[in-house]
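In what comes next, chain A is part of two complexes: it sits with chain B in the first one and with chain C in the second one.
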Partner chain A sequence: MADFLPYLIGGLANGALYGLLALGFVLVYRATSVVNFAIGEFLLVGAYLTYTFALFLPLPLAILAALPLAFLFGLLVERGFVRPLLGRNVVAVIMATIGLAAALDGAVQLIWGPDLKYLSGSLPNLGFQAGEVFVSSRAVWNLLLALPLGLGLLWLLRRSRYGILVRAISEREVAALALGIPTARILAGVWGVSALLATLAGALLAVASGVGHNLVFFGLKVFPVAILGGLDSVGGALLAGFLLGALEALSQRYLEPLLPGFTEALPFVVVLLVLLVRPYGLLGERQIERV
Partner chain B sequence: MLSVENLKVVYRGVILALDGVSLELGDGEAVALLGPNGAGKSSLVRAVAGLLPKFEGRVLDGHVRLMGQEATHLDPVRITGLGLTAVLEGRPLFRYLTPVENLVAAGHRLSPQELKAGMEEVFARFPRLYERRHEQAGYLSGGSSRCSSWAWPSSPAPRCWWWTSPPWGFPPSWWRR
Partner chain C sequence: MKRREFLRRLGVGSLAAMGFSRFALAQARPVKLAALLPLTGPFAFAGNAGREGFVDGVDYVNEVLGGIGGRRLELIVEDTGYDVARGTAAFNRVISRERADELLFVYGDSTGLSKALAPEIARIGLPYSATSFANELADPKTYPTIFVFGPTYNDMVEALLRQVRLQKGRAKIALVYSNTEFGRDPIPYAKERAKALGMEVVHEEVTPPAFTDATPVVLNLRRANPDFVILQGYALSVEPLIVRAAREQGLQAQFMGTYYSAELALIQRTGPAAEGFIVTYHNAYWYDTLVPAVNEMRKFRQRKGRDTSYRPTYYMGSLAVALGVAEAMRRAAAAGKLTRAGVVEYLEKIGDYNALGLVRGYQFVNHRIPYTKLYRASVKDRRFNAITDWIKLA
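Up next is the complex of A and B:
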């Protein structure tokens, strides 16, 4: 059992990034009903932006500089790809995001090349020893950035005027328009926030393990996480991120020796179970029906 | 205040829903449009409120003037800014928002003070709504939710109300008000 805590902490550190990524993904899904298959590429672009800024800035500043640019990138994607297609067939929009993903993959390879890169510089070391357990600097940074940001966004969505408008639009866009709510601007902002969150996750991943195309596979985890949390639940996404991160790490430690390769499949096994037992996810809402 | 002149509306480029509709509405007037299902009442509302693009429709010809200003192809944000509020048919509220949040959404142009004052006024008028102000509106009775949809101006001084279907669902107590 001596391994339990270190693995759990490592898992939660990963889960914090799953949570951030899934939060943005679900926010976009709720507000615009678009399943963004390019979310992994958002993360990739964010990581490379951070890498580029880190070439001439200290790493913390590089991350700070990448975030507003990522927001802008989100706005551009919304303007160029999503808005022209909104209201069309759902499949058309999904295909567009798949096409966008492929285009971004190509563009990233063209600009930055195919080989794995490492960030220059590092974040201040915050690792510490707590009794028997060593808490790594990576874990501290991930939790320190992801938790307040995630919870803060949830709070904004619940309580702020902007959050109420986002929720109004996501329920019934025409009604929001009829009230004169500037839906286009607000939805673009949601895409911007989603790209920003993905970029922060990408940057933190890059700090730990370098920047390469394989980051996209990390992005794919967003689907099981979002389904586990409930596709329409932003809070569920954050929670499910931590949960899946922890489960993966523990499976790596305790199940992997018995069932080699199982951890790879774990997220999808969890999703299968969730879909069977709670189709609307851990925190997803049931529809209000009035007959 | 509102004038519609020879308005033509098509959906998807081929379905002609309105063919030369004209209408004048002065200050303090109330006008009811009557017609069978499919006559085009809703289409006229959508056209005036600038919502046709959301229904794959557009104004082909004719003019809408609001408060003396040309408003034919304006977007809904500008139109509500001029003081027109369209109350759409079907469910009148955001069901997953509470009454308080519904009022915040509807009063999004107001300053915090105006919003607070307006909210107090609405709740003073509809005490039943006040009791349930933090419950999701989807669980309110039809009468209560219709009251609140009516209760709120979306702009500081709405001068023109426009219902797509009459508020028959109001409880008797409302008509006395």
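Up next is the complex of A and C:
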């Protein structure tokens, strides 16, 4: 058990970040049916915003300062890229987000330069020893921030007025408009929240490994996580994030010695297996379309 | 003297007075060097620094050294995005666009791209080098026109293992490497040599080239409890994560890395945990002010109004390639052999040249330069300090 537990905790802590990022991704998909291929770049922009504020603020304050700006960035993306394409062919919107990803990659390099950056400060050390198991500060921070935030967002979606409006729009946008719901404003807010969540994940990653383009690769993990959880399930995204994080860590311990390199493919193998049994993901809504 | 003859002589005389050599340098067909670099993507930080090294090297050759036998050296830069398909397309574009008697050298990026291009490069007899130090490329029998401007990854691991032997006789080694051509390249050699030197490889960890959580890797290392951990195939993407997590979890092993770990960003990103990290590195650092090349390039950049603050190792590497290739071209031109074959011939004969101390000397043995130094990270000094003199690896 003492051998198994540290892997599990480390995996869950990493999975918390997967969940955070996937949460924003699924939220956007659910509300607007847009698959945001630029989610990795949202994370990248968020990490660079944090880096910029950290140049003159202590790191916790820098993260806090980056979040509203990230929200604003999400609003701008929605207004500039997504809203003009709403109602168009879904492929056009997908292509637009792919284009957005490339544009953001270029913009980040132009604004911040190609050099590797690092955050000069650090978050307070919360690491501790529990018996034979050491829980790293990074794991504590990931879980401490991602878990309440994810659960809080779930609660808001289910219970708050704003959450009910988002759900109403995602159910039937035309009906929501007819009822006088400010659809455009709420959808913009959803993009803002998605960018905010990505920024938090980006900041936590940047604390551990510095700021650089390689953070984008973390964004790629969002796809297996979201598909596994169910593309339209916010709770599923959170659950799948933790699940894949834990599976990856355990695979690195138990499968990697037997199958070197397997862990890299693991998320996709898991998704494939789950989709064979549950094509709509773990918690996704079962939809039957007549064709 | 007839009027026409007088005017012709007047023209020639005027040209001479105005500096004919300069005129000729501008007018003669240029000699071209193409650099295919990752200017965007995950290794943009290295690619852009590398481009700067080539730009400085080529400008220096033209403005200070007088070009290549009266011809101007021209740099062509293409972006590969660190993608083999894009790099191959860039290579094909350059090769089909440029004349074979003008394009005399191509520099590529990555082990993957270089291995993919190697057969074609051999077929067309094009002098070539790359950011890669893959062992397979330093094989003049198979690839007679490919040069590795430094030791191969096998050589670098050899240097590290010799250091391990110095520090501890029967040491326990762990190998942590990315699941890429770059990461895997020296691993079979490392295992074989460690065994031959009486060491035990107690753990081998294959990882993706970039990941965000080092906990499982470090937990595996803790279970194996090695004395030394050699990291290969990351180029600063994950070394800081692994080393920080290792120190946090109480792993005392000595960490080591090869050329692409030898950049100051490793110390900056890793923080205090970087202390003692040992790397191989074979060019001068920008802060080695006792090296004439460093002073010369600082002054040159100042004259050009360019930033003279710290230049990364990728800059120094590209500069070393540009100056070495230009020297081979200049000697080939002086011998009337300024062709692709001539450049290959003279690259093999410039062992006496060291680019003002930028490298130990361009002494190719089996088309690689088998010398390196070992450096140790000092957090206090915020730099890598040399802990050995040149180590001969062949």
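Just so we're on the same page, the second predicted complex is superposed on the first by the 284 of 291 C-alpha atoms of A that agree within 3 Å, B and C clash if a C-alpha of one lies under 4 Å from a C-alpha of the other, contacts with A are read in each partner's own complex, and residues count from 1 in each chain.
To be clear about the criterion, a residue touches a chain if its C-beta (ideal position, glycine included) is under 8 Å from a C-beta of that chain, and two chains touch if they have at least 3 such contacts.
Since the model is a prediction, treat every value here as computed from it, not as a measurement.
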Fit-or-clash call for chain B and chain C when the two complexes are aligned on chain A: fit
Chain B versus chain C as contact partner of A:L282, first or second or both or neither: neither
A:A107 touches, of chain B and chain C: first, second, both or neither? neither
If touched residues of chain A are counted for chain B and for chain C, the larger one: C
Which of chain B and chain C A:L116 touches, first, second, both or neither: second
From chain A, separation angle of chain B and chain C (C-alpha centres, steps of 10 degrees): 140
Touched partner set for A:L143, first chain B, second chain C, both or neither: neither
Which superposed partner A:I181 touches (first chain B, second chain C, both, neither): first
A:A208 touches, of chain B and chain C: first, second, both or neither? second
Which of chain B and chain C A:L255 touches, first, second, both or neither: neither
Contacts of A:Y7 with chain B and chain C, given as first, second, both or neither: second
Smallest distance from any CA atom of chain C to any CA atom of chain B, in Å, after fitting: 37
Chain C-contacting residues of chain A that also contact chain B: none
Contact footprint of chain A on chain C as seen in their complex: 39-42, 44-45, 47-49, 179, 204-208, 210, 212-213, 215-217, 219-220, 223, 236-238, 240-241, 244-245, 248-250, 265, 268-269, 271, 312
Of all residues in chain A, those that touch chain B in their complex: 87, 161, 164-165, 167-168, 171-182, 285, 288, 290
Residue ranges of chain B touching chain A (in the complex, touch as defined): 49-51, 54-56, 76-77, 79-81, 85-88, 91, 94-97, 101-102, 104-106, 108-109, 136, 138-139, 142, 154-155
Residue ranges of chain A touching chain C (in the complex, touch as defined): 3, 6-7, 9-11, 13-14, 17, 105-106, 109, 113-116, 118, 122, 127, 134, 136-139, 205, 208-210, 212-214, 216-218, 245, 248-249, 252-253, 256, 260-261, 263-264
